[in-house]
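Two complexes, one shared chain (subunit A), two partners (subunit B, subunit C).
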Partner chain A sequence: MNFLRPIQALNASPTGQTSLLEVRDLHTHFLTDGGTVKAVNGVSFEIERGERIAIVGESGSGKSAMAMSLLRLLAYPGKVVAGQINLNGRDLNRMSERQLNHIRGREVGTIFQDPMSSLDPVMKIADQMIPPIMRHLDMNSEKARAEAIGWLDRVGIPDAGRRIDAYPFEMSGGMRQRVMIAMALSGRPKLMIADEPTTALDVTIQAQIVELLKELTSETGAGMIFITHDLGLVARFAHKVGVMYAGKLVEFGPVKDIFARPCHPYTQSLLDTIPPVDQAERRKLAQIPGFPPDMKLPLVGCAFKDRCAAAHERCFVEAPDLTLRGPGHRAACWKPEGLGEARRKDAELVPPMTHSEEDRVVVEVFNLHKHFTGRSVLPWKVPPTVRAVNGISLNIREGETLGIVGESGCGKSTVARLLLGLDPATSGDIYVDGMAQMVFQDPASSFNPKMMLADIIQEPLVVTGWGNRMERAARTRELLAQVGLDESYMSRYPNQLSGGQRQRIAIARALALKPSVVVADEPTSALDVSVRAQIINLMVDLKRQLRVSFVFISHDLLTVSYISDKIAVMYLGEVVEYGAADEVFRNPAHPYTQALIAAVPVPDPVAEEARMKKPLSGELPSPLDLPSGCAFASRCPRATDHCRAEKPLLQAYSKSREAACHYAN
Partner chain B sequence: MTQEMITLPARRWSDLGTLRQSGLWRLLGNSRIQLAIAILGPILFLTIFRSMLPLPGPLQTNLQAMTQPPSLGHLFGTDRMGRDILSRTLAGVQISMFVGFAVALLALVVGLVMGTLSGFFGGVIDRIMMAITDIFLAFPSLLLAIGLVSVLGTGMIPVVLAISLSDVPRFIRLQRSMVLSLRNRAYIDAARTVKASQVWLMTRHIIPNTIAPLLVAASIAAANAILVEAGLSFLGLGIMPPEPSLGNLIRDGQSYLEQAWWISTLPGVVILMIAIGLHFLSDGIRQVLDPRSRK
Partner chain C sequence: MLTYSLKRLAQLFVTVLGVVTLVFFTMRMIPGDPISAMAGDNLSGAALDQMRTQMGLNESLLMQYLTYLGSLAVLDFGNTVTTKLPIIQLILDALPVTVSIAVGTIILTVLISIPLGTLAAYMAHKGHKTLDNAITGVAMVLDLMPSFWTSLVCLLIFSLALGWFPASGTVTIDDPVQLMRRIALPVLVLSMAQIATMARITRTSVLEVLSEDYVRTARSMGWSELRVLFRHALKNAALPIVTVVGLSFGNLLNGTVIVEFIFTLPGIGNLLVGGINSRDYQMVQTLILFYALIFVIINFATDLVYRVFDPRVQF
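Let's look at the complex of A and B:
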C-alpha cells in the first residue's frame, strides 16, 4: 500500500519525527476447523502523539481483532500473519513474547469492554494495581501504592486510599471501569487501546468515563485507539475516524470531515441509520440490506458491493483501494461520492399518526408499587426491602407508543414484567384492555433452541387453542410476512438466524394473538446499528398498520424519542417526567431528564463541541434506603434543602407534560 | 408492506433434511463415538448372538476339561468345573449390560421427573427433595448399595435398585440445577405471557433442553453400575452363583490366580473394555452436543 507515503508526508509533524504508531498492511487470520477466517485484511493507518482515533464498524468487521493484533493479544486460533506495527519506529510484530511483555502495560495500555472479567475477582484492587506499577516505573511498593492511590483519585474513585483495598465485586460497573482506566494509565503508556470501554455502562456513566479518558489522555499526551460501534461517541470523542468493513479500512479521516462529507457508501449508510436529533418531521431510517460477507470465502471485488445501492460493474471485478478525498481523508470506493444521489432516496416521510382523546385507553396503570423483600439477617430485624417500582401511574391509548427511559436499576424492566403479569404487583392497579405481549432484549435466549420457528411463532396460538392446524399455519405465514420474512423461515431453528432476524421473529410471536400492547424491553440494544434501524422501521410500520400500542423500554434516548409518542423518564422506581416525546426531548423540564439528554452523544461533531460537557456526577443511590426527600437530590446540580426534606410530586408542567421537581417551573 | 422481504441466503444454511442427518452423521463422525462403537459393538454382538455360537452353555460342566488355559477349543479357557469361560463371560456381560442399562434408565427417569419438579416449583417441594438427596449423597455409593442389598436380599432386581438409589440423587441434582438456569429464560417468560400451563412449560421448554446432558450422565452411570454390580457380586452380595455375572467369574478365579490366571483376568478385561467403551460414548455425546468443546 504505497499510496500511504504522500499522505504520511502530509501528516508528518514539523519536527520530522515518526508517528507514534504506524500500522502497515496488517493481516490477521483465525485458523478455525471450518476454514481460515480472514478477520483483518490489510489495514494501514498511523496515530500521532496525543491523537484519539476511533475505529467503527459492525460486529464482525474485524475492528476488535485488529486492535488485539497490535499487542498480539488475540485469542486462539487467531494469528497475525503479516504486517508491520511500528511503535516509535520499533516493529511490535517482530518482537518476541518477552519483549512484547515489556511493551504491554508500560508503553501501550489496554481497556476492555467488560470490567467484570478484566479484573480478577479474588484479588484486591491494590494487588492487581501495585505490582505492574512497581515493575513498569521501578518503584518500591510504598511509592507504587501512593502512585496507585493517586491514579484512583484522578479517575474519580471516592475515598481512593480506602477503596484500593476493596475487591472488584464491591464496586459498581462504572467504578470497575474507572479502576481499569487507572490501571491502564498508571504505566504512563504512550498509547491506549480501548475496546468498547463504555458499551456495558449506562449513558450517564458512559459520559463520565468518556470525559475522563479524554481529559487524561490529553494530559499525559498519550495517543488512543478507541473501538466502538456508537457513532455518537465517535463524534464526541475522536480526532480521526476509521470505518472498518470486512477486515479493511474503507474510510479514514478527520472526524468532522467524515461526518460532514462521508465518501464511502458504508459510512454514509451507517450515518443515515441513526435517528436524527432534530425530529421536526420523522423520516424513515436508512437501512443497510443484506449481511456482511463471509470472511472464510474468497472475495472478488469490493466487499460492500452486495449491500451497496451504487454498486456498478467495476465493483464486482476489482476491489477499490483507499484514495485521497480531502486533507487526510481517504476512502475506498470507485465512485467519487459514494452513494451520491442514491443516498437520500429511501428517506420517505413517516406520516404522523393521529391520536385523539377518543381513542380507547388500552393500558392504565395507577399508583403501581413493586417491592422486593429480602431475608432479614436476624429474625427480629426488619428485612431489607428494595422498592423497585414506587408508585407510578401511566396510561397508553390505542396505537400510541410509550417510551420508558432511565438508567439501569431505575425499575423500567420491572414495570414491563408487571404489565405482562409475569410478576404480581405489591400494590396498585394495572388495567390492560386486551392482551400484553413481550419482545425481549436478548435475542439469544428469547427462543427455545429446540423448537422450529413455525412452532415458536405458533406457540401462543396453540396454547390458547386458536384455530386448527391449517389456520395456524396460515396465520404464521401472515405474521412472517408482516415482519418482512419469507415462508422458508418456518422450518428453521433459532440458531440459524442473525440477531435482527431473531428480533423479527420475536415481534411476530408477540403479534400472534393480536395483542393490544406490545412491551419491548431494550429490543435493539443487542443489535448492530444497521440492523437496529431495520427493527425500528419495522416497529414504526407495524404501529401504523395494526394500530397496536408499544411500550418501548430503552436507555437509548435518541431511539426512544424517535419511536415514541410519549416518554416516561424513570428514576429509582418513580416517574420524574412524563409527557409528549418531542417536548420532553427538546425541552426537558426535570434536571434528571436534562442530564440524561446531555449525556447522549449526538452523531455530529460540530454539535457535540457546542454542547454542555458537564456529565451527571455520581451513580444511582441504593434503592434499599431511599431518601425521604427527592430521590434525585444526591446528584442534582440544583438541589436545595427543600428538595432533601420534601418529596416533589408529579405535577402538571405544561398542557401535555408532568414533572416531579420543585423547581421545574 | 413497504418493507422488502428478506430471503435466506442459500449458502449459509443447509436445509432441514440434511440438518437432521448431519446430527446423526456428526455423532457417528466423532472419533470417540467411533472408538466406543469399535469396543462395544463386537461385545454386544457376541452377547446377543451367543446362543448361535458353537459354545457350550454357561452352566454346562465338562469334567474332562477342567482348568484348561485358553486354546482354540476354549478361547478364554475353562474353570475348575470345566465350564467354558468365554460362554460364561458373554452370559455375564448380558447380566451386566442389563443391570447397567436398567440403572441408567431408572436414574434418568426418576431424576428427570423429580429434578424437574424440584427445580421448577422450588419452595417446600425443593427443600424436602434436596434434604433427601443430601442424606443419600452423604454415603459412599458402594456402601449404600451393600447396605441395601443386605436388606433387600440378593438377585437382579435388588442389585438394580440398590445401585440406582445412589445414582438417583445425583440425577435429581443435575436436572434441578439445569432447570433452575432454564427457568428464567426469556422464552419461558414469553410462554407465560400467553398463560401456558406449567405442564406445557416443563414438557415443551424445559425437558427438551435438559435431556442431552442427562444422556451423557446416564451413559457414565451405566458404566459405573456395571462396575458396582461386579463389585457386589465379587463380594458375594450381587447375583448369586452359579449364575455367571462378571463379578462372580472374577471371584471364582481369585483363589487360583497363580495357577489359572485366565479365570479372573479375562472377564476382568471385558469389564474394563465395557467401562472404557461407555466412557468414550459419553465423552463423544458430550463433545457433539456441547458447542464449546468444538474448536
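Let's look at the complex of A and C:
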C-alpha cells in the first residue's frame, strides 16, 4: 500500500522549517447563560512532524475543549475567541467553514472517546468511510472502496472486505474504535487528534489500540495530539507531554524529562497520586486538596495557588508564565523546584494489616453459578443461555479486601449483585456473616436528587427501624465524620457535591448499618486521579478502623492491587487466578493474569520502554457458547490441544495462591 | 420475520374481535333501534314488533351476537336498513374520498412540518433562539385551534368570501380535479392540527441527535452542515417522527369524520354519522371494523418502516 509511505518532510531536516502545528495563545470560551466559562486560557505549543504529544489534565482542565478548538468542532456555546492555529503555516482559526472542511478529515483526522456513540448507528461502515475518501482523495467509488478496505485491514479488522458492509452495532467496542481510526486515517492526514481514544475500552483492548496508533503514526509520519487523563498511557505512548490546569498549559516537555523531573507542583502531585507499582510497602497516596477554580470567575495570580503547598505571596498576585527548565522543558511556576521539600517523597506508611487463619470468615461463596436464559419463540428450540458466573468459590475474612478484576463481560459485576442478594443465584452457596452493602460506580445516579444528604445516609436506618430520630441523627454525624465530611453536609443536596464528596456520602450510607462487607463496584472509575487517591486512602483507613471487609471490583489493576489483600482474576465467569494481591501482581501465574498486567501501562516512560509490548490478541469470546476446554485457550499464547480438550481446574499454585492453568507450574 | 408476521396476525385477530364486540354491545345500549329511527311515530306497536322479528332484533342479545359473528365469518356484512343496499359496496365507494383526504393531509403535513422542525432544531442547536421560538410559537397556536372551528373559518373565507374552492357539489374519483378542489380545504384544516405536533416532535428529535457524537464525527470528516443535517441527523431522528406519523393516522380518522360532515363530502365518515343517526347497527359495526383494520394495518406498516430507517430494529 503506497499510502503507508512516510511523508517526505519527515526525512528532511526540520531545522529552520515551520512546525507541523503551531498553536499560539489559544483562547476558547463557553458563553453560557450563567456567565462566560473561560475553558481554554492562552495555550501555546507546537508539534513537529511524526511527533506524538499527550495532553493530560483532570476533567474541567480544558484539554478536550482545546483539542476540539483546533478544528472548530466545539458545540454551541463554545467559541474560539482568540489565537492562532497554524497548520503548515496556514492559520486554521482564520479560515471559513468551507475552507476548514477541506482540512477536516483530509489534513487532520480526529478520533473520539466513545466508539459506541461516535459512529452513525444507522449507516453501514462503507457509507461512512467511502464518501469522505472519494471527496478528499478525489477517487471514484470503486477505488475508494478498495482504499477503505485496505485501511480496515490495516487497523486489524478481520475479513475487512465483508465487514465493511456491516453496521456499527454488529461490532464490538474495540472493533468500532479500529473503524474510527481507519476513518480518521483514510484522508491520509498529517495530523491526528485523538480525544481519550481508549478511555471507554478494556485494558487489553486499550493496549492493542495504543500499539496500533503508535505503529500507524510511525508509518505515516503523521503528528498526533493525544488527550488523556491516564499518566500510564502518556508514559507508554507520547514523545512529549503537556499538563493542563484551569485552561492553561502549566508544564510542557519531553516525556522522560517530565516524569523524571517534574517542575510544576500540579504535575508533581499528579504523579504522586498514582498507586506505586512496586508494592514492597504501602504508603498513603498523595492527595491534592481543594478544587480547581471556577472558570467563570476572574482569576488573580496562579490558578493552582489554593491547592499548592509551596504557594507564596507572589503566587496570589501574579500568574507565572512558562519558563524554560531544560531542553524543550517548560513549566509555569515561580519556584524552580515546584513543591521541592514539600513534595511528600516519603509519604506516611500504611501499617500492614495482619490477617490470620483465626479471623472470622465473613463471606463464603461456594461453586456459585448464575445463568441468564433467554427466551426462544419456537418451543422446540433450546433457549440461549449466558453463563455469566460459572462456578466460582471465594472467601473473605474480617477486615480483608478482595479485589475482583477482569475485562468487561467477565461476570465481575454479576458476582457483586449475587453477593448482595440483588439477583438470585442459579446454583451454589453464598454465606454472608452479617450484612453486605453496596457502593456504586456513579453515586450521583444512586441518590434521590430531592433528598437531603442526612436523609440519604439515614435511609437504611429508617428502613430497618434502627433507633429513634435523635439516635439516627447522631449516627449520621458519626458516619459523616468517618468519611471525612463535617456536619454541615447533613442539610445539603446531592447536586451541591463534587464527585469525590458524593462517593464519600455513598460510602457513609453503605456503612450506616455496620455491615460486615461492603461491595464496591468500580467506585473510583468515574473520578479524577486526585480524587481517586482520596477515596482509596479513605477506604484503606476505614478497613483498618472498622475492620470492615471490602469487595473491590474494578478494571483498574493498579488501584486494585494497591487496595486489595487478595485478588480474584475472572475470565468468562470463572476465577482463573486467586490469591494474595502482592503475589498475583508481582508474579502472575496464569497467562491471562500475565497478559492483563502487561497491558496496564505504568506511569514510568523508562520502564515502559523496557516492557514487553505484545498485547493480548483477540477479544473476549461470546459467553453464549463456551468451549469445552480452557475458556482462555482461544487467546492464550501457550495454548495446546490439551488445553482445548480438557478444562483446567483451579489448583494450588503456591501456599497462598491458586491458578487454573495446565501449564502454570 | 415469519414468527413476527404470525404474531402480528394473531394480534390483528384479537384486536378486531375486541372492537367488533365492543361496538356491537355499545350500539345496542343507545336508546332506540333501526326500526324506531326509521318509522318515527307513524307505525303501530304491532307493526313495529313484526318488523323487529323479521330483522331478528327480538332474539336474545347473545343470539344476535352469535348470528353476527357467524355472518362476519363468511364475510357477509349485510344491507342498510333504509335503502337495502349492500353495506360493503357503500363503504368501498366512499373509501377513496376519505383515503384521499387522509393521504393528502399526511403528505402536506410531512412536507411542511419536517423541514420546519429541522430548521428550528438547527437554529436552537446553533444558539439562534429567535427563529426557533417563532417556529415553536406558531406551531403552538396552530395546535390550539380545534378543527371544527378552523373548518368553519376556512369555509367562510376561502369558499364563501373568496370563492376559491367549492363548498359543496358532487365528488367522484373519476374527476380528480374536482376531487382535489373539494378536498383542498379539509386537507388544509386537518394538516394545521397535525403540523404543530409533527414539527415539535421533529424539532425535539433532531435537536437531540445534533448533539450526538456521530454528528461531530461527520463534521470532523469535513462534511458541510447541510449534509450533516440531512444524511446523518435526520435519518437518525426519523424513528420518533415515523412513530408520530403512524399514530397521527388514528387522529386523522377522527378528523375526517368532522371535516367530511362540515364540507359535506361523501366519505366513510359521513356514512358513519348517517349510520349512527339511523341506528343502522350493521352499518356502524362494519364501519368500525374497517376503521380498526385500517388502524392495525397502519401500525404494521409503521413497524416495517422502522426497519428501513434503523437497521438495529429486528423482527
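The rule is simple: the second predicted complex is superposed on the first by the 647 of 665 C-alpha atoms of A that agree within 3 Å, B and C clash if a C-alpha of one lies under 4 Å from a C-alpha of the other, contacts with A are read in each partner's own complex, and residues count from 1 in each chain.
Please note the rule applied: a residue touches a chain if its C-beta (ideal position, glycine included) is under 8 Å from a C-beta of that chain, and two chains touch if they have at least 3 such contacts.
Predicted model only: the values in this text are computed from it and were never measured.
Overlaying on subunit A: subunit B and subunit C, fit or clash?
Fit.
Is A:442 contacted by the first partner subunit B, the second partner subunit C, both or neither?
Touch status of A:442: first partner only.
Using only C-alpha centres after the superposition, what angle do subunit B and subunit C make about subunit A, to the nearest 10 degrees?
30
Which chain, subunit B or subunit C, ends up touching more residues of subunit A in the combined arrangement?
B
Once the shared chain is lined up, is A:183 touching subunit B (first), subunit C (second), both, or neither of them?
second
Have a look at where A:610 lands relative to subunit B and subunit C in the superposition and call it first, second, both or neither.
neither
So, does A:349 touch the first partner subunit B, the second partner subunit C, both, or neither?
A:349 contacts neither subunit B nor subunit C.
Considering only touches as defined above, state whether A:77 meets subunit B (first), subunit C (second), both or neither.
Both: A:77 reaches subunit B and subunit C.
Once the structures are superposed on A, label A:382 by its partner contacts, choosing first (subunit B), second (subunit C), both or neither.
Neither partner.
Could you look at A:422 and tell me whether it touches subunit B, subunit C, both or neither (first, second, both, neither)?
A:422: touches subunit B, not subunit C.
Report for A:33: first if it touches subunit B alone, second if subunit C alone, otherwise both or neither.
Once the two structures are laid over each other on A, A:33 reaches subunit B alone.
Working from the superposed arrangement, determine the closest approach of subunit B to subunit C, counting only CA atoms, in whole Å.
Taking the overlay as described at the top, subunit B lies 6 Å from subunit C at its nearest C-alpha.
Mind sorting out which residues of subunit A both subunit B and subunit C touch, each in its own complex?
77.
Name, in rising order, each residue of subunit B that touches subunit A in their complex.
1-9, 11-13, 16, 19, 185-187, 189-197, 200, 204-205, 208-209, 294-295
Which residues of subunit A touch subunit C in their complex?
71, 73, 75-77, 97-98, 101-106, 109-110, 112-114, 117-123, 132, 135-136, 167, 169, 180, 183-184, 187, 377-378
Could you pull out which subunit C residues touch subunit A in their complex?
3, 125-127, 211-214, 216-225, 232, 235-236, 309-312
Spell out the part of subunit A that touches subunit B in their complex, as residue ranges.
Against subunit B, the touching part of subunit A is residues 32-33, 77, 289, 291, 294, 348, 417, 420-422, 435-438, 440-442, 445-451, 456, 459-460, 463-464, 481-482, 484-486, 488-489, 491-493, 496, 501, 504, 506, 509-510, 513, 537-538, 541.
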